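Below are two complexes that have subunit A in common, paired first with subunit B and then with subunit C.
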Partner chain A sequence: MTIRSFLRHETILLLLLVIALIVLAQQSDRFFTTDNLLNQARLMAEVGLLALPMTFVIVTGGIDLSVGSIFGLAAILLGVFWHGLGLPLPLAMALAVLVGGIAGLGNGLIITRFNVPPLIATLATLALYRGLAEGISQARSVRGYPEWFFVLGQGEVLGLPTQLWFLLAIAIAAAIVLGLTTFGRTTYAIGANEVAARFSGLNVARTKLLIYTGSGLVAGLAAVIFVSRVSTTRSDMGTGLELDVITAVVLGGTSIFGGRGTIIGTLLGLILMQALKSGLALGGVKGDGTIVVIGVVLIAAILLGNLLSRNGDG
Partner chain B sequence: MTAIVELRQVSKSFGNLKVLKDVSFDVQPGEVHALLGENGAGKSTLIKIISGVLHPDEGELRVVGEAVRLASPREARGRGIATVYQELLLFPELSVAENIYLGHAPRTRWGAIDWPKMRSGARALLDSLDSHDLDVDTKVGLLSVANRQRVEIAKALSQEARLLIMDEPTAALADSDARKLLTIVRRLRDRGVGIIYVSHRMQEIFALADRVTVLRDGAFIATKPIGEVTEGSLVSMMVGRSIDQLFPKTETARGATVLELRNVSHREIVRNVSLTLRAGEILGIAGLIGSGRTETALTIFGITPATSGEILVDGKPVVIDSPAAARALGIAYVPEDRGLQGLVKPQTIRENISLAIIDRLARLLLIDRRREGQLARESIARFGIRARGPEQLVRQLSGGNQQKVVLAKWIATEPRVLIMDEPTRGIDVGAKAEIHALMSKLAGQGLAVLMISSELPEVLGMSDRVLVMRGGAVVAEFDRADATPDAVGSAMTAAGQSSLEGAA
Partner chain C sequence: MSFDVMQSRPSFPRRLLGFVEANGQEAIILAAIILLFVVVGVVNPRFLGNSNLTSIFSGNAYIAVAAIGMALVIISGNIDVSVGSLIGVLATIAGTLAVNGYPIIVCWLAPLAVGVAINAFVGFLVAYVRIPSIVVTLGMLSVLKGGLISATAGAWINNLPPEFMLAQFRPFGVPAPIYFMVTLTLLAALWMRYSGFGRTIYAIGGNPDAARVTGIRIERSIVCVFMIHGFFAGIAAVLFATQLQVIQSTVPPNLELTVITAAVVGGVSILGGTGTVIGSTLAAILFAAIGSALIFTNVSAYWLRAVQGLFILATVLADMARRRRLR
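What follows is the complex of A and B.
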């Protein structure tokens, strides 16, 4: 894919987004208020964080279904480390993120060492990590976190929700890595033709390992932010989260077959999805209706993407 | 007699690149009409127009005298036009019979697929192509390239083809398989089928064609009966000049030994191979398909690491367990299958050429786009790659130009040992001579070249020494002076009993 056709997909997304926002603004006068917008940003930060490494994963032609479970596991362990083991909270937070990374590394090892297709490998760890989370928590929730901890999920820094700063920083880093570095180039090459990537002397296994580890680490981080936002931990946190994440990425123009996709696209896809969700909620549409609309938009985006890539090479 | 198909003043552009200019062309029943031209001349494009894949911008297409607009390849097939494409398009997971009848399987009265009829039909078709040994229930993915091609042809014939189009059918075949294919083509011609035949191999054209049409840069040059042309006149029509030497081998001083294999094996596929390769030398490896040549190359390159034996670079033992390790030692491998192993087709020429040295083009992990673009532009000029520019997608290039991109990519690594597996497959005479000249020049600068080729003239014409492989082992070695076609040819088949184990 050339830069030009990337931009074309993103232009169309942007247009869709503008249309959606206009429609939503007309539906409800509460939509275009600073409060609502900032609140929406807060709500989408966790999915947004997860969508960044997921873009890498899908660009390699893989998938990570286990992010929601890793998220739940890290959340539970944060509570256990702090409340159960009595560790200082900052240390517990760091350990929770680390556990996410280790869980991701586990995915990567299964996929690269034993050549298990990512779909199967992460489907298995989706069950495994969720099972661990439930086993550890015994359905008990942890509450009573200290006040300073809520800055992360409920506070503001320089007028913006704290987690938005995390999202922005990691998004910029991800965009640079994917777009401009050898690591990013390797990621695209693996997705477009893994055999040729290997025959070119690129380190395919290491690249994949790093990507899945990164996916786990970010899931750990998102879990800590989430716990801070909702002030409690429970074992079913993040159930089904992977669907939102994958939807945002695919909506953003990343090809599910690999080799194609950008961080900017993912961010646009994320915002579009969040706008639809909140707009529909404000308009009084119930949860099921929202899912239907998002499904339709997703299909439209995929069809559009197919059409574009076909025009692209004549 | 009415022509089966006729093109009148057809033009076609991609963007603002005019690929065909006012081309007229026709095929009569029972004739083999060869289509010639350099890489990128527009041969495949012309064929795609006849087979309904592309539409002409101007001009008209007539099928049996009737002007038509083919909406799809399916419609072309319905009108008796069958095509065997340059890149084989079979489904590896399906059986031979299923592939042959894909999309038009015989049905029972109830509308279900009539399996017995399908299998017996497939059997009959393959028999009519003299392929009695090919089992209709085998998965296509397990077949050799030659057999896959027979399946493609059977598939084409299964739809009552009046016209069979073959785009470089022998490019991937060894000589003996190619000869068999020619017999099949002649038999079809005698049945009254019209055949369009694209090939860069001159002997085939003269052995087979009734008429030839030459394209150059998308323009129609001439259509001539085969009796009125010579190899020389065809070449000068194709390239607009004459080529003085196809095998420009220069004598170079041989330097120190760069690469040495001592009893290297990989499982049962590569058996106790020993060889030495010196700087400035071109070492050719001849052998039939399946003789272990490519497998030896893959072992040296670290794809299938050696399971026993020793590899030495500059006299020092090394471990090569990955292509990255091979590359770090200055070993480059231009693979046999460019589509699968050589190229990332959805990416640009620039991204492909820089792929193997991407870490060298980076500063602080960031890719230096300026240097990358410069490398791509230089390579396009140096190898004469026909493209709109560095940003063109590789999959839009003609087959021969794709091959040049793979070469450019590996030359860019500035290797000390260059392994080339079928380096001129699908490349036109002009470019072939250029690549041979380049090979000679690189050897002259001290590069050690290991060349695997199924074209005997190429091996004999370019090599300083020739190794012959059979059954995974080196069975003979010849110096340039002793490497006659007969001697090498008989060593390749089991007939030759000369068993000089890999010497020195």
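What follows is the complex of A and C.
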């Protein structure tokens, strides 16, 4: 029953995606070129990376509003570690990812140890982590990274953009963990009924702690990739990123109330959103017009989800 | 519990907690404001100068006004992360009407009406369609913000007529925004405490199921709460639009976080059900004072948001700890 309804949501997404791609191809003959498609893949890698752990977070019934700020903090600290403290760049990159993990761990601890609702905890850390990024950087940017560093964000490996490999690897790992492991089942169980999960002897706190830490780690990694892609660090990087990430996940069929969602769905949601963005760009809509559409899509996706699930129940 | 433990003098943290519980968060924040003014005033006497006090109280009154509405929304168990964008849009509407020669009263009232209408829609989605308020307002944030920038390209609105500048009026030598802040806070506080609807909001936030059983029409009440919030956002937008000679038709950065911070730190429990608007107004003043104090003590203002984040976090953790002790 549930399998069937999953399939149904993902089939609808796939259909929408095909329609979107056909429309895009009609609009511009430059769309269906390998170059453009790979470029689109490059552009969506950061949001895609963040959307994977966010799927876990939302499946548990939580939310992580702080990913954009963790992203900004890790990006700034990458610059500070390398340029300010003079550490070797590889070490700085590792530390930046680690900082993301620590920031995520902080979220997890606040949520699990103090029972603060995830929405509030991560809203507070959204301000805190962004504030730290602004305070540490004093609005100065860091540039002048060495040439090899750009391989990560601008280069190619085996014909595909480097970051796409990261996205694919982590997506496959996430799909296996969520779909096939005890950890994944625990994640669903928490989202479906947290109290029942706890009384069934599942380690709810540890699972959530790992998920939020993972979310931070991946945000750190995405930040390093992003810095490599745009060749500079600034403290406002990743502002509003949580909107894109949450939209991709919700569009992918993950229930905002928890308990339901798949990695495949998230990936489809992500691609659909990127197709939408590039379609708007081709149609001459600027960045600010795009976020209007993303906002509408977010609300509409949940609206539809609510209607569908109500039909399913009744 | 043994007898001599009862007899012994409670430890300082325990007495402090007792003080908080007896006098509420409001007293603490008031004490913090006074302490801040004394300390920073000693370090740099110009902090207490007339012009700086005016800029702290009058220049940030719109945040306090918006925080009143936010407090109601949070007390009812919801949240609104779009209020900054809403204020930006409403301020631009007011300014655009004003430079196009509409009657001043229309320029002042239109933002209120639009604010109420937009938030009625938000409240409808939250209450009747049952989309969590965080998602609705996150979507709304981007719709309003993106829509505003696409429509105006961030152009500045100049040449505002002088009679439009509500926030620059100074009846009896006191800037108008201060009257608004004080009057609205007191009215809202009394209304929340003594009116039936005020108690309804607390009831919904405290325990929606119990509220429903007692016959409260929750859906309608939540829509009303959001509409009232939109009304306050409209007033805040008019104060914001009229305090400078130009309106930069973009969204004031981080405004929603500042407003939420004021409401939460002012003692509005983020789980809903408790809190007062006096606390939120005091917290708004405290933050304005902190922002100003950072400048007057030569600490970079770039740390302001980190301080805000720490304050929210500390307040929320204290709230959770208090609830745990009460349980």
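Throughout what follows, the second predicted complex is superposed on the first by the 291 of 314 C-alpha atoms of A that agree within 3 Å, B and C clash if a C-alpha of one lies under 4 Å from a C-alpha of the other, contacts with A are read in each partner's own complex, and residues count from 1 in each chain.
Assume contacts are C-beta pairs under 8 Å (C-beta built on N, C-alpha and C of every residue); 3 or more make two chains touch, one makes a residue touch a chain.
Predicted model only: the values in this text are computed from it and were never measured.
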item	value
Subunit B versus subunit C as contact partner of A:Val23, first or second or both or neither	neither
Contacts of A:Gly259 with subunit B and subunit C, given as first, second, both or neither	first
Touched partner set for A:Gly289, first subunit B, second subunit C, both or neither	second
First, second, both or neither for A:Ile302, with subunit B first and subunit C second	second
Subunit A residues touched - subunit C or subunit B, whichever exceeds	C
Which of subunit B and subunit C A:Leu243 touches, first, second, both or neither	second
Touching partner for A:Leu87 - first (subunit B), second (subunit C), both, neither	neither
Which superposed partner A:Val195 touches (first subunit B, second subunit C, both, neither)	first
Partner chain in contact with A:Phe183 - subunit B first, subunit C second, else both or neither	first
Touching both subunit C and subunit B, counted on subunit A across the two superposed complexes	none
Complex interface listing, subunit C residues touching subunit A	79, 81, 125, 129-132, 134-136, 138-143, 145-147, 149-150, 254, 257, 260-261, 264, 270-271, 300, 302-310, 312-313, 316-317, 320-321, 324
Touch list for subunit B against partner subunit A, complex	14-15, 303, 322-324, 326-328, 333, 335, 340-348, 351, 355-356, 358-359, 362, 365-367, 391, 393, 395-396, 409
In the complex with subunit C, residue positions of subunit A that touch it	63, 65, 110, 114-117, 119-121, 123-132, 134-135, 137-139, 235, 240, 242-243, 246, 250, 256-257, 286, 288-296, 298-299, 302-303, 306
Complex contacts: residues of subunit A adjacent to subunit B	1-2, 176, 180-183, 185-186, 188-189, 192-193, 195-203, 259-260, 313-314
